[in-house]
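First the structure, then my questions, so here it is.
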Amino acid sequence: MTQTAELLRIDGLTKAYPGVVANDNVGFSVAPGKVHALLGENGAGKSTLVKMIYGLVRPDSGTMHLRGAPYAPATPNAARAAGVAMVFQHFSLFNALDVAENIALGMENPPPRRTLSARIREVSHEYGLPLDPTRQVGELSAGERQRIEIIRCLLQDPKLLIMDEPTSVLTPQEVEILFRTLRQLAAEGTAILYISHKLEEIRDLCDGATILRLGKVVANCNPREKSARELAELMVGQTLHTPSRDARDAGAQVLSVQGLSLPAAHAFGTALKDIALNLCAGEVLGIGGVAGNGQDELLSALSGEMVTTPGAITLNGAPIGDKGPNARRALGLLTAPEERLGHAAAPDMSLTENAMLTGAQRKNLVHNGFLNWRAARQFAEDIIKKFDVRTPGPGNAARALSGGNLQKFVIGREILQHPGVLVVNQPTWGVDASAAAAIRQALLDLADQGAAVIVISQDLDELMEISDRFCAMNEGTLSPARPAQGLSVEDIGLMLGGAHDMEVAHVGG
Amino acid sequence: MNLGAIDPVLLIASLMVASTPIILAALGELVVEKSGVLNLGVEGMMITGAICGFAVAVETGSPVLGFVLAAVGGAVMALIFGILTQYLLSNQVATGLALTLFGLGISAMIGQGYRGIKPPATPKLDMGPLSDLPVVGRILFSHDWMVYFALALVAAVWAFLKFTRGGLILRAVGESHDAAHALGYKVVRIRLAAIAFGGACAGMGGAYISLVRVPQWTDGMTAGAGWIALAIVVFSSWRAGRVLLGAYLFGGITVLQLNLQAAGVPVPVEILSMSPFVITIIVLVIMSATQRGAAVAPAMLGRIFHASS
Amino acid sequence: MIRLEKRPEPSKVWTVATPLVAVLLTMVAGGIMFALLGKDPVAAIRTIFWDPLFDPQFAGYSRPQLLVKAGPLILIAIGLSLGFRAGVWNIGAEGQYIIGAICGASVALAFYPADLWIIFPLMVAAGALGGFAWAMIPGILRTRFNTNEILVSLLLVYVAEQILASMALGLLRNPEGGGFPGSRNLQQYGAASNPELIAGTGMHWGVVAAFIAVIFAYILLNRHMTGFHIRLAGQSPRAARFAGVNPARLVLLCLGLSGGLAGLAGVFEVAGPAGQISIDFNIGYGFTAIIVAFLGRLHPVGILLAGLLMALTYIGGELAQFMLGLPAAAIQAFQGMLLFFLLAVDVLTNYRVRIGKGATV
């Protein structure tokens, strides 16, 4: 660091939860006007660390200093009063309230409504993040919702801005604009603590980086002096295995969707508009897009949780649009939803029971309505063994598993049922790198064996790595599929809807 | 049969009295539900308030003191529910039911010595010449002060929810307790306050039944008013103004069927007596059918909050 | 500072222990309540829990009463527990119980004074159907119009009570009863009566039905797909839908089953222990069964035991009323308290209590 003045200094911060030390003797510092990265895998302890800085969690030991003075916020209010603001990964927003109300809730002493609305329009325009203070938040896109969080922070004129994985909901073009805004803020003297696991972004944006692994600081470095590969190995602690695949020819068409439209299932859902896609045996179709653009609804329509006109979906030439989940399973169309706990699996039930959840039919676990628990247990043990699920046994509750292990179980449960078509939504979201690599490999192997696979994901790198063809979801519509090979980031960004209505910051730089 | 004996002015005037307990209880429950908590124990809190208010008013001779202690009694009962659901994370539906069963028992126990006694009268508010106005005077300006207190409370709750920061925070907690927690709001404390307020309102509503509307003590005398209040919160689409409308609708039906019974209409008494409940069900159906899919109920209603970090 | 910490899995020990702890806590708190009423708490607790079973003076009368009272409680609670597990809240079992009794009694009275063996089976069928139909009202309103089944099922109790009054005073009134409200006594009408099957045990057909329901529910929940779906739907509705559960059908099934069982309880009661349709025929079994269901942890075997315990508090309560002058309402408060304590200690099943160090920076 060139600057001697430190805005935030952290020494020896430790926080333990039962069974896991989330942060172990963590220390680093951030200077005013700098963008500092906090890099680490899921579960490395980044979130716990920033929660301590933001006053949501109390450390067990260690010290923090803000502008040289001891800093120990007991509540987020205290943190905000000290000039620390935070943009949350899982947004801290209220769907049924409007934009101005949401912003007022995040401020210590909000001005009267009319003044606040004017300020919102002014500041959001200034930074190229246009917002209408009267809109109800539930109706807004993920990108717009993030703007609310950012504007809420900016209105308080923070000295330190914490951003937790802000780009996961943005298209490449929107990321570009966000970065310009952040650089602008840094130039004005704001320190930014930027949390991410995306290496290229960090090399592009940040002046310094602290890398966390299993709660410990493994390196403090200047990310621009390291290659992405070096950073990745520091972060993961091992050489990453890149999924491998053999070249193959597409087989016969197995799944076809034509003119699929569905109204939004709930008040803040997305309606599907005239979706069309074709899928051939042995291919992987990647569907990219920012979460909340209809991916959940598309998965529900394919799984049979939401039914439609019979002809909208055909499987091996047979219309199945009006069939429920089990009828589709019987025909070989299997799915794995995004939400692991509560949708793909029942949290309080054992793995044996969760194996029964989708495997009853294809694995012959049920006869005349009576359940064969021994066979279900055997099936669960198979999944655990073949997919390297780390758990004491099939009697354990699903909620006791880590995200990565549960995801391996969920994907393994479907793959071991030998699907003709497998649809997975966000298969590696919140999963550690080694489990993610294993899951991607398993999906590729499945395609190699002749199954057709649809992968819905926000992670564009992942999709580029494993897809044969790529299409994008944006506001309930699906773009035509294009061969994945040779697509540029620019192309993909435009398919995803480009910059929407974000603008380059209007303040003089 | 003598329908001519039914005086429309008197009917409307007594409608205002009949709906007052429901207004109070429903308004309290509205605030509770706005904070994301479903307390099904309204009936239990009302009956507890009814006996507390009655006993205190009889012992002290002061109806005002009766209402105050009824509010305290209702709030104490509500806080049992609050501690169980907010600190011990119990299921809200089951705990609400327990509150009702317990309230019915405990009130009957306290009330043993108070059967057949007449409570001190709650005086009419002196509105001077206003009460002498023809028709309007008797309908609007000839009631006891609790009627006006309930109306004022409707306005106060409406204004609180719509215009104040406290109201905004309460709605936010009911909309997403996780987001509110992340922003540093004390979800549990805010909810406990709402629950206590709901209990106090239900308690006063109950006391209004035992001190003014009936006025005497009998076991289980709230007779479903608490459940009606819960239904009216749904009817109101969680809006204070509409609580008034719903309570008047219910009060109107109650008073009308009582008048029809008195007038000797050739309809079985049982049919008339069940009509308020049947009509409440019908109204619930109409409201739920039209609300379907729209986000009118607080999103966190009935969900358990446990800060994991 | 005391904190709660979610267990990775529900504790097996506490699942069994919580009802016992709750009963003990209720005895302590109930004792305090009785002391405040000026009664000797130890004597009161003993009169309620011990004397009905073991006191030579009372046991002869009280022991058979145990099954008589437990039968309907268990029958109703088994039905309710299926719904509660699936997240379907039928709290109007009292109404379904009344309607079941009215339907069963109507069949009997329609045949009076014929002496046919078919009458009793027909009554049972009519009672079950009546309860089923009454529970279908909230069921259909919920599935068709998304109307809250909690409120509708409960409001229908008040409607059922009015129907009961109307029947006792009108249609079903005993023409030879000298104008007094209430129907003919079915116990004195052989073809329609539900007699004690083994003298001195209290065992009648309703108790037999309750035992069958316990076994049926146990197999359903543990061995059958429908039971698995019921558990799944209660724990995570989205996962249930993903597993192919039709939520509307499940709501109807749960309400129908619980309504039918409550109706059965009603008809066995009216043909047996109660004997006739009267204005005060229902004495709150439908509500107490809610406590029984939770006290039994929604588990069939647990409900069997909880039903017997609750029956004991009814009988012991009456005894205490008679012996010690304990008010009848005290026992109702006592039962409500039991549910409170159960819900309070239940937290230990899923959470661990930590006496945490107040961490400072």
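The chains carry the letters A, B and C, assigned in the order they are written, with residues numbered from 1 in each.
As a working rule, a contact is a pair of C-beta atoms (placed from the backbone, for glycine too) under 8 Å apart; a residue touches a chain by one contact, two chains touch by 3 or more.
On a predicted model such as this, the values are computed, not experimentally measured, just so you know.
S.K.: Among all other chains, pick the one whose mean CA position is farthest from the mean CA position of subunit C.
M.R.: It is A whose centre lies farthest from that of subunit C.
S.K.: Looking only at C-beta pairs in contact, point me to the busier pair out of A-C and A-B.
M.R.: More C-beta contacts join the chains of A-C.
S.K.: What is the distance, in whole Å, between the centres of subunit B and subunit C, each centre taken as the mean of its C-alpha atoms?
M.R.: For subunit B versus subunit C, the centre distance works out to 28 Å.
S.K.: So, what's the distance in Å between the C-alpha centres of subunit C and subunit A?
M.R.: Measuring from centre to centre gives 47 Å for this pair.
S.K.: Could you tell me the distance, in whole angstrom, between the mean C-alpha positions of subunit A and subunit B?
M.R.: The mean C-alpha positions of subunit A and subunit B differ by 45 Å.
S.K.: Inside the complex, what are the residues of subunit B that reach subunit A?
M.R.: It is residues 165, 168-169, 171-172, 175-176, 178-185, 293-295, 298-299, 309 of subunit B that touch subunit A.
S.K.: Using the touch definition up top, name the residues of subunit A that touch subunit C in the complex.
M.R.: Subunit A reaches subunit C through residues 18, 58-64, 70, 72, 303-305, 324-326, 329, 335, 337, 339, 341-349, 353, 356-358, 360, 366, 369-371, 396-397, 399-400.
S.K.: In the complex of these two chains, what residues of subunit B are touching subunit C?
M.R.: Listed in rising order, the residues of subunit B that touch subunit C are 40, 80, 84, 88-91, 93-95, 97-99, 101-109, 111-112, 219, 223-224, 227-228, 230-231, 234, 268, 270-271, 273-274, 277-278, 280-281, 284-285, 288-289, 291-292, 306, 308.
S.K.: Mind pulling up the subunit A residues that touch subunit B in the complex?
M.R.: By the definition above, subunit A touches subunit B via 48, 51, 55-57, 75-77, 79-80, 88, 90-97, 101, 104-106, 110, 138, 266-268.
S.K.: So in the complex, which bits of subunit C are touching subunit A?
M.R.: 5, 8-10, 223-226, 228, 231-232, 235-236, 238-244, 246, 354, 359-361
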